[in-house]
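Chains: A, B, C, D, E, F, G and H, in written order; residue numbering restarts at 1 for each.
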Amino acid sequence: ERLGFPEVVFGAGKTLEVLTEILQAYQAKGLNALATKVQPEKGKQLLNTFPNAFFEEVSGIFMLEQPQQNKKPGPQVAILSGGSSDAYVVNEAFHTLNFLGCGAKRFNDIGIAGIHRLLAKVEELKSFSVLIVVAGFEGALPTAVGGLLPQPIIAVPASVGYGVSAGGQVALNAMLSSCANGVSVVNIDNGYGAAMAALRIVKALTR
Amino acid sequence: ERLGFPEVVFGAGKTLEVLTEILQAYQAKGLNALATKVQPEKGKQLLNTFPNAFFEEVSGIFMLEQPQQNKKPGPQVAILSGGSSDAYVVNEAFHTLNFLGCGAKRFNDIGIAGIHRLLAKVEELKSFSVLIVVAGFEGALPTAVGGLLPQPIIAVPASVGYGVSAGGQVALNAMLSSCANGVSVVNIDNGYGAAMAALRIVKALTR
Amino acid sequence: ERLGFPEVVFGAGKTLEVLTEILQAYQAKGLNALATKVQPEKGKQLLNTFPNAFFEEVSGIFMLEQPQQNKKPGPQVAILSGGSSDAYVVNEAFHTLNFLGCGAKRFNDIGIAGIHRLLAKVEELKSFSVLIVVAGFEGALPTAVGGLLPQPIIAVPASVGYGVSAGGQVALNAMLSSCANGVSVVNIDNGYGAAMAALRIVKALTR
Amino acid sequence: ERLGFPEVVFGAGKTLEVLTEILQAYQAKGLNALATKVQPEKGKQLLNTFPNAFFEEVSGIFMLEQPQQNKKPGPQVAILSGGSSDAYVVNEAFHTLNFLGCGAKRFNDIGIAGIHRLLAKVEELKSFSVLIVVAGFEGALPTAVGGLLPQPIIAVPASVGYGVSAGGQVALNAMLSSCANGVSVVNIDNGYGAAMAALRIVKALTR
Amino acid sequence: ERLGFPEVVFGAGKTLEVLTEILQAYQAKGLNALATKVQPEKGKQLLNTFPNAFFEEVSGIFMLEQPQQNKKPGPQVAILSGGSSDAYVVNEAFHTLNFLGCGAKRFNDIGIAGIHRLLAKVEELKSFSVLIVVAGFEGALPTAVGGLLPQPIIAVPASVGYGVSAGGQVALNAMLSSCANGVSVVNIDNGYGAAMAALRIVKALTR
Amino acid sequence: ERLGFPEVVFGAGKTLEVLTEILQAYQAKGLNALATKVQPEKGKQLLNTFPNAFFEEVSGIFMLEQPQQNKKPGPQVAILSGGSSDAYVVNEAFHTLNFLGCGAKRFNDIGIAGIHRLLAKVEELKSFSVLIVVAGFEGALPTAVGGLLPQPIIAVPASVGYGVSAGGQVALNAMLSSCANGVSVVNIDNGYGAAMAALRIVKALTR
Amino acid sequence: ERLGFPEVVFGAGKTLEVLTEILQAYQAKGLNALATKVQPEKGKQLLNTFPNAFFEEVSGIFMLEQPQQNKKPGPQVAILSGGSSDAYVVNEAFHTLNFLGCGAKRFNDIGIAGIHRLLAKVEELKSFSVLIVVAGFEGALPTAVGGLLPQPIIAVPASVGYGVSAGGQVALNAMLSSCANGVSVVNIDNGYGAAMAALRIVKALTR
Amino acid sequence: ERLGFPEVVFGAGKTLEVLTEILQAYQAKGLNALATKVQPEKGKQLLNTFPNAFFEEVSGIFMLEQPQQNKKPGPQVAILSGGSSDAYVVNEAFHTLNFLGCGAKRFNDIGIAGIHRLLAKVEELKSFSVLIVVAGFEGALPTAVGGLLPQPIIAVPASVGYGVSAGGQVALNAMLSSCANGVSVVNIDNGYGAAMAALRIVKALTR
């Protein structure tokens, strides 16, 4: 644990054995632990060893303890996304925030192909302290949000698309080039990083 | 002249001598001629040889005869752009359409950073038969237009930007990835090509 | 439904559950629905839930209702392609046009490696209002078509090739660089988008 | 003016005439105005028309009114950089914050090649509310800062380097890949955007 | 001299002093010498030192001795190109062949935008032993030639174009992806290399 | 059949059904046929339908008739490669030449990591009319061969390598940049194209 | 065997049959042999043929003889890495050094996200003659090591990461751009090459 | 000064004023100083302020004190290059080594296009402790050297070439992919970094 951020385990490139060892070390100390990008098969096998743990297949989030369902106090984070294909990133951010003790709410399927869907949420969105905005394809949602709302915005490109937009590079570059004011960006598919960036702001707000 | 399209001369990579020769051949036949992407210095020197010709420095368009200012009959083309930096592309399309005998009108500075500017033009835009939409940076304007208007849309990425958006590749890829329906795209900075694509549609409408 | 375009579902990145829900919502409203890029396994499973639906494995097109085989009235769209490897893109455009109520005909296997095959079709092609041209490898077919026919042309690069042309980027860039007049382009493998762009023109012709 | 952000003019791609017109319009309304990335020659000529304006050649920042030298009240922003080559980006952020009424201080030449230089500043840096971190070459400074300090961090890649790091793409990608928690990133050389992202956080802190 | 190929000097990256020294060494031995890609200013200064030398500015070819104008005996090489913009590459190949003692003829301005121009030359082209085919933009000319003529074909991409085709990479990749049989390719703008590849074939034919 | 080149079928992107149909059409006309890049599973299934056909799994070459083992008359083609990993490309060229009636011999495992292995073959190689040179990784073999032998050389990059050389792009670019005289290049893994380019030269030699 | 380096077999692109043959040839001569990047399935099957051989699945290292566990005499090599995900590269270097008769020790999990972990090892690291430093993601570990220790450093980028850092290219470029003095770099995932570069230095030290 | 390495100033991105200040600070302390990649104009102006300094225009190396011409004691470094175009990189390495007190000798113009030129030097090269090998175009020289000599090799790609090899990326990637054993690589044009890497080895040899 550094600077009040809990250690988070990068699950994608670790074998089942290594992950199990690391998680058992946390458990032995009586600590909760979060692993990200755990592939489905590996996650299911971990549940055998850690039967009380939480694993969500869509995002690959694994936690030793069940997420707390009660509304968290303090500044709230909104997570917006263009479509249901972005759910894996949205959920990674959502469960990470939950793990960190931050309140968060998801606003799915409000991409700018139907701008009225976003407009209908603007009032509700004004009450959130930080906005995480996820989008694939041409990644235009953060620009639209940035033109409508004044809060800190963390944009997350999703690797959703095909042809030139396969892999998320176009969404990433469009977000970095946004003509909206003051949008900052994290790595493609990095819902975890967006949650951590939001946490830095939430901490500043409650200091 | 092929298929009713007049020959157009690509001016960028030709020496002054070669351009002069080609244009004199047209003149000798009593024909008007259009050259694109003629650099400022070269354009000015051509005006010495062809004192009655038209040269616009911003777009690099050179025509043997002056453009006609009267409103053209038939289907009209609207050329939209996000900001004044895109003027060189807008004007290339505009003067090419003029050369081709197509009516055209420019709508500058209506980028989505201030979405109300576009919304204020929607009614007027409904009367145009084809929409050419120019944008640099993250190239999001065609998506917004595509969600608001039903006409054929030809998107033109402009090489306006810096960092990841320098050179226009991000705008191009964002336009190709657009989640708006049925937007088609031409090469970066290709205002001439967009005008030609519009002409194909205008011809179909008047056939 | 925006601007008279029916909603279309992007099938590739959605789970079976999400797709089923979305389609059931359309069905409940008594509407037909189109999903694109549905992978074979997912498409077959959807057919279990929607036994009267249409699924074509080559293109990944899924429709709640069977396509109508009668010749559509109004302007017709020709879909040309270089070879049988491009069939998945051709069919995506074809079935989308059918779903949209547009008449369409396929001209396969007329690539420029045997230019006589294209030349033999020029007369018949003159009667179509819009040309969709699909090609992989070096993507030269739209240039050849553009030099022979005056109609609006929408070029679609196919991700058919290997080595430098794997993934369709070479075909895309060659089409964007075409020295033929007024060819416009959609994303790699985007048969659906080409159909939508054609629909915009067809609507203009019948307005 | 949208959402309390003043309009900012992108100076790089505009002619002297266009810039002059835009700035005169602001002046006529009795408003201050900020233009970014104004090239040296253009900036000097603007000073002829606007003799009371401020122009800094290193960053290309142009303001109609002189920056205010008094310490601003409220949350303060620290701008860190690896070396003196990054000054053009540092200054763009610094002058933009000044224009926006935000207090800011520069910490130059504390790159990780001499980690003690950064360590010597950690105590002082704790009192700032937001950290903007600029770096070229391999862009490792934000990672080091992120491991030492808990505040919101906005990383800015600088196009300083040569060979593989020319243009700033390596620094950008390294920052996006940072193993430090919650670092978010803006476009290469985008000191202005970093200032705007900082402003969004400062506003949240003072709301 | 290796394998009967004369040494050729790469002129682009050498200072005037270095080039002068190298050429004087050849001259001292009573040998002719060829330097490629000599920039205009450098070439003109070399002519001061070597007043009997040959320098052509378009291609940057410099030879100690004047090219021989008499028709060379033996197998002849045809050099085809799409447009006058490709002349700098065409001429590099032409003068190199002349230097090597190979007969060569240029066929300019026969790009596939006007396929009849190529067709009109097919009969004449049949008498040549090797075909060098130069093209910029989408680089489709070698494919067309390959479908019409059975001789060895060496394709040369030219860095003529803009947007996605700037720099010649699209033409290169299109040529490598050609669906025509047995087209081989050299580096972008490498007219010299194409001449050398032709020489290898000519030597085989006369062995 | 064009220009005396037999039609060749690109097998990779075609379904078993389509391939079967095409091959049956050839068979019905009493013709042999060649399909390239046929995947192992598809090739084996084709052998069920065409029990007298030839299928080599390494290269994916499928022929309706068995290759002829007798030494072909006329100019001979040597196929050199750096290592046994390149065998799939070498064999594609070898079997295509066999199909075309050209004599060919393979020289495997003579990469420049052990330059003596190449040197030991130079004498024997002098008797061949055309050299096809295959290499992966840094693709340096054609340069070495080009410095030692005067015949026409067709270089083929193989997609053998990892890290920066994965996919064959480094080998391709190195071959295009070769400082050896007159090496020309075909697409990555394009053994078939190299054979066709060799055939064009062999035909010229026997005309 | 060249220059005292034993021959090493690149296992990734070779069939089981080819690998078996090559290894049997070594065995027949009574020699040990090393194969790298042998895929798990292939490695296990090789163990059937060579029951006394050594195969480590993580790195894909296969040796005919068991590695020697005794501490090697002479200069020692330290292999550092940021996290357990890099183990496959670390082990490739480690087992290659063992095969070459060089002493080596692994220091895992000392990435700069927790700089104290590296600092705690600095004293011990001073006794090693060469440092191999492996890192994925943003690849910053070699820079940190280079600022703390004076020995020769060979940096190895690992293809560990996702989004922009997938494939290891960011780590590679960051290492090449390192502002630390005198870090040199090998290909992505090239633990074997790093071991060989270390061997060259070790040999120089013992000459 | 860290670890016994003197501080070196990166001159390319610094203004004349900043460079002058930094150098004066060294001078005031009675220290020599090295600045790299100083552009010609800037270097000449610095000589006005520091009339006893050394500036070499080809490499852009600036030193407060004149280089020492006496042969340095201790291990010697050889710097090899393919051609005279690579001199700017060769000299950067040479003068840096001189500044560091290391003995060095240059071997120019021994590229593999004439392999005998390299072979003729092999005996002499055996006496050097470290080999720095510079090459542009396809960057094959380090592979050849690596197959002939057993010392530590540091390869430096030069941005010499055109078309696909412009900018040095091909040479870099070829060197990273080298099939020669244990070649390590520094950034494109980084003669300074190669000298520093050599110094690390030289120090190890003299410890």
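Here is the rule we go by: contacts are C-beta pairs under 8 Å (C-beta built on N, C-alpha and C of every residue); 3 or more make two chains touch, one makes a residue touch a chain.
This one's a predicted model, so the numbers in the text were calculated from it and none came from an experiment.
Remark: among chain pairs A-B and C-F, A-B carries the greater number of C-beta contacts. Ranked by how far their CA centres sit from the centre of chain F, the chains are topped by D. A straight line joining the Cα centres of chain A and chain G is 35 Å long.
Chain E and chain F have centres, each the mean of its CA atoms, that are 27 Å apart. Chain A and chain H have Cα centroids lying 46 Å from one another. Shared contact sites, meaning residues of chain G that touch two or more other chains, fall at 2, 113-114, 147, 163-165, 172, 176-177, 187-188, 190. Remark: the chains found to touch one another pair up as A-B, A-C, A-D, A-G, B-C, B-D, B-E, C-E, C-F, D-G, D-H, E-F, E-H, F-G, F-H, G-H. Partner chain G is touched in their complex by these residues of chain H: 2-5, 8, 129-130, 147-154, 172, 176-177, 181-188, 190, 193-201, 203-205. Listing the residues of chain E that touch chain B in their complex gives 58, 83-85, 113-114, 136, 160, 162-165.
Those residues of chain D whose C-beta lies close enough to touch chain G in the complex are 82, 111-115, 137-140, 143-144, 147, 161, 163-165, 170-171, 173-180.
Listed in rising order, the residues of chain C touching chain A in the complex are 2, 10, 12-15, 18, 22, 37, 157, 159, 168-169, 172, 187-190.
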